[in-house]
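Both of the next two complexes hold chain A, though its partner changes from chain B to chain C.
Now for the complex of A and B:
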């Protein structure tokens, strides 16, 4: 098996301010930009690498390519006008933003959500998780040269987007979860059409499993590579599949259940190796669990009931002064919204806590030194980060 | 949660806590005690996870509020610690040695709110903005609309319609009756 043992002794150590002083004039070191357009990056983000030969000596994450000042824009809009903005914070899994923001508004305004709406919200979140994992599986295989898996996953995600379109009227940004509930009931015959999608997904995933987890090339390039020491999890705020791949069985859905997760049965999958292979395997198992969860939700949910409670006039809606933090388990880890209100009709402050914030910045910059250039793409994608969560 | 606050209250100056939920509480602490409280919470009370660090601009009161959200994963408790800073010369204490990931939050707060964190690694490096010389943009007194109107010009040849009258003319040309 390929083994790469860097000799760190020949490179200067970073100073107390975290900066590495290397003299590029010597010709020994080279600056290399990894991104912002690169197949090994999900979204527009780049890493400034300092390399010596093919070993990376330092990596700095650069973000800002997508910055539109979402949090600032929200402060200028009424509570209901914020909805077209929140979903745009995360493209592959936008519903989580809608849920967290809606739940924060509901908590501060004292609004009760009908039970039927909670079930549909849970369904929507799991469908979003399914799509996000599909992109993650396609991304990691694409970064390692298995482009065909990426094409399969994109196809399966596309037919799930058809279900989103049928349910919400939109494919990417749904704006379906609002304070007080959701916008509509499930359409007629939705369950049967969803079952077709899930069966297709299982067929493709079985092929993908053979191609990825039984492939010697995939194993060689991922096993023992990009290992995150579990001792770093707390210091770097690592959550979600990245932590579960290192044996930490933490999942917000289990630990502090929200919506109807306390009525659902599911397993929190863990691995021990904490390398790229383990992280991919945890996501694969989670994806299969999500498929079962969608079936379970459709089977257990009530067949009728109110989906939206009565709201005050949203054009003159004022929420008393307060603050809260709502969190949930997205496909990448703990996702949350911190909402501060001041008694007016506008939010005083909205802060998005995305798991990518820590995974793609501090953690990635900590992991990169000492890796081989060819492993950087796989390492980045294995952390499953989405840059808009960093720069909001 | 109450027991933890009672234990802290013996030695630190805590404000009146706000129990938002059974698993979430906010409390105001003094700036010179925040590092000691966070260290104690992390090492003695199991609040090992720094969920986020952010700021709120209370411009009417000339204050910045720093919110440190820490989480005890075993007990599923979240504690939000508020630190109020004078808005004129806002300086916070760095906690990057407690949680390395805090350096990123502090770098962002330096850029977006202009809050200084002396000693935090790379805190003065650009984070999201590039070549920004204006007021820190997430402050309340930074007017995004005025900034965009001053900075960007409308593309020539474009016409802006009032949505109400334009849609009425497009969709209901004969409404009100007799109008065209």
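Now for the complex of A and C:
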């Protein structure tokens, strides 16, 4: 009765290789730049679309607008001086960079982190995940014209940033997880204020559910659109919610627990459809899981203890030759830092493995042909990618 | 798809009457209690060590001179200027701050049309947030640079009291590397060291495990690095930036670690005489103590012929005859001096100027003469019976020379300086060896916390069984016939009068008799200037009993310089610094002389 499916029969069918023949001279096709300044793009990147009518025939991803050469910069900084840089690799969820870098340094330098610090780190990572999912939920709604959900999510994210501010001393670049621990204990009364935020979030999420997962418009625009064949997951290195939406229960927190995740109870949610709807739903469920995880952490964490260990003199800190890869489950999938040291006071190589690199470039190019122009933004946001992370 | 799916989005309308959630006036929204906002700096607490500048990865901090802040001991006089166009508010500068003076306020909004306004010196360029109590401060102690000194082995008191063996083991190379790691290379110590040794540089060599490189650096500024590595008064450590929230860096022991780690025979390869032409000019130096030998070392390396005349059996001066062997073993000193001799310095021992050779002869035969005779005569309290007292400096010399020294079961020492501790601890050792017990009493005018002796000397003396009576003034050395029986003291009420002059006041009702078979006076020394002769003594200018010298160490006579304790004092490192100064001055004069002849 309520079918809003567009009629796509008027567009030429793809060839046997799945691609359309593009001949711009015929006047049938048009080049269209989607981004780098576009509300449907998560950050600064662009997609060069070739369209036929309103159907996209081909999409080429273009990145580089945000390139600041972080990995190279890190090779010119002492181990402690890298600490303020790493967070910038991913703006909406910077804490993963801080954690992965700190953990990598700690492993190679043989530093033990106090237990309290591990709990606070876990708390921060979950708070960061909360914010990142809020952004994703708001983003996907915005890309589909549901501006009001975007505003609600931004508001909830903002009050979580208040908690970040009182805990870490900053709103966006927290710079709180130092090699050796974290900078400070929880401020007094933090738990109660956090609970208020979580309750507000739950209220708004319930509202958002009505507008998204119980909305015919949202369902029509997202179900069956942007399907990633689970067979492609391995080939394109798909991890995190994008993989879980296709039925693969991958989660680094469960598969190889780090910090205190082995002491926490949580469910890894999966869906089967692997379309935009399923990916959004997995994020929504994961967000609710994150809320209960934050409550669980605050309940279970020790009430006192050291948060930071004494470091060797960081002004001339040399770390023995070695290499390590530290990974964790970010809101977008497996996030990792590969650190190589050569016995000097500077990292020999730092390589950031961000899920956005695989999701936003190769995978997107693969998924775009055959979609409608109006779906491109939703497709991009549904992959939940952050361009700064592509261009380390 | 159901009807519910069509209707449920309309539930959003329930928010239609809600107030907006945006903040109306962001300028009046205070930052969180630990927000990292604009910096504050406590000008009085800041020592200008520059650790903040060093750690800043944005190069946002420059150490600059600031009006009203003056360089002095332990303070470079510089203060951090922060460029907020570069600052990323990471607060590593706050975390690394050695004194905790640098903090951040929670003020984060400030509007100014002048971009240069955002580059200022917190604390000096007054800002509205200077007195804010909220903002980021590091949680407890400094965690980014070590605060605790590396452990070092030491002989326990009960073991060391029975011998004259060296007490401290010195750092092992591994311990030294750990200790050297704590240094932040601020260089405040360099300014404090009288000889301006390259302390952060040689500590860096220790950190890198390059002890030979470290030794070369040491000898650039100090030919008595082995001795100073053991008995230096380490003024450097009194201004070390690390002391503000932890232990000072063990600079002295690190110096020793370098000298101990290099095999002795390697010294002669590493410290070579520079390849300079011989000048043919000759310098006579009177006294083979640290000042004289440093002068000799420098001048010999500059190509001059240097002869040192020493009155005693062996060279070393007060380092050998004043400092007990348990603090500075003689073989260390012998090796140290052999390195100096390897520069071509000739040392003639048992040559007392004024006896074996006259100062006039030196004046005639040499281009310049340097007087570095030290303070080898003990001062006396002049209390009744003091003619029966022993002089500490004389006793120490006799112990070193292996002469027979009377050792009664009870000894009383007058004085609270390092020499008093040296003689007290030496006598305690001799008593222990002979009687198996220690019976040493030390009395001094000062309260214990005002003693001139190093803290560790006092503590170690007490550990070894010496009993210290602070604030007691000697009144009489009691004598029965020819034998000393004890020391009578009164409680000191005040040492100085209202005008700061030495005028001790006593509480006569509080009298004590310290029984003793020997009373030792260790209240200061003076020079034996009889070698100068009446004429020269008359010609020279004097300043309160000491030979007057100019800023370069030259006396009023153009051929005579003076260095070391005889002019200033009070320790080896000052003597070394003095030696360098005089060598420079003598070198300048000799060069001028050569130029004239050409």
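Operating definition for what follows: the second predicted complex is superposed on the first by the 370 of 392 C-alpha atoms of A that agree within 3 Å, B and C clash if a C-alpha of one lies under 4 Å from a C-alpha of the other, contacts with A are read in each partner's own complex, and residues count from 1 in each chain.
Note that a contact is a pair of C-beta atoms (placed from the backbone, for glycine too) under 8 Å apart; a residue touches a chain by one contact, two chains touch by 3 or more.
Given the structure is predicted, the values throughout are model-derived calculations rather than measurements.
Asker: Mind checking chain B and chain C on superposed chain A, clash or fit?
Answerer: Once both complexes are aligned on chain A, chain B and chain C clash.
Asker: Touching A:266, do we find chain B (first), chain C (second), both, or neither?
Answerer: neither
Asker: If we overlay the two complexes on their shared chain A, which of chain B and chain C does A:169 touch? Say first, second, both or neither.
Answerer: second
Asker: What is the contact status of A:362 with respect to chain B (first) and chain C (second): first, second, both, or neither?
Answerer: first
Asker: One more residue to check, A:215. First (chain B), second (chain C), both or neither?
Answerer: After superposing on A, A:215 lies in contact with chain C but is clear of chain B.
Asker: Name the contact category of A:349: first (chain B only), second (chain C only), both, or neither.
Answerer: A:349 sits against chain B, while chain C stays out of touch.
Asker: After lining up the shared chain so the two structures overlap, which partner does A:338 touch, if you call chain B first and chain C second: first, second, both or neither?
Answerer: First partner only, chain B.
Asker: Mind working out whether A:310 is in touch with chain B, chain C, both or neither, as first, second, both or neither?
Answerer: Only chain C is touched by A:310; chain B is not.
Asker: Show me the residue ranges of chain A that touch chain C in the complex, using the header's touch definition.
Answerer: 1-3, 77-78, 80-85, 148, 155, 158, 162, 165-166, 168-170, 173, 175, 178, 180, 183-185, 187, 207, 210-211, 214-217, 219-220, 307-316
Asker: Using the touch rule from the top, collect the residues of chain B that touch chain A in their complex.
Answerer: For this pair, the touching residues of chain B are 18, 20-21, 23-24, 26, 48-52, 54, 56-57, 67, 69, 73, 76, 78, 80, 99-101, 103-104, 121-122, 126-130, 137-138, 140, 142, 144-145.
Asker: Show which residues of chain C lie in contact with chain A when the two form their complex.
Answerer: Listed in rising order, the residues of chain C that touch chain A are 1, 4-6, 8-9, 11-12, 14-15, 21, 31-36, 51, 54-55, 57-58, 88-92, 95-96, 104, 136, 138-139, 143-147, 181-185, 204, 207.
Asker: Looking at the complex, which residues from chain A come into contact with chain B?
Answerer: 16-19, 63-64, 67, 69, 71-73, 75-76, 107, 234-237, 239, 250, 255-256, 322-325, 327, 334, 336, 338, 340, 348-349, 351, 353, 357-358, 361-363, 366, 391
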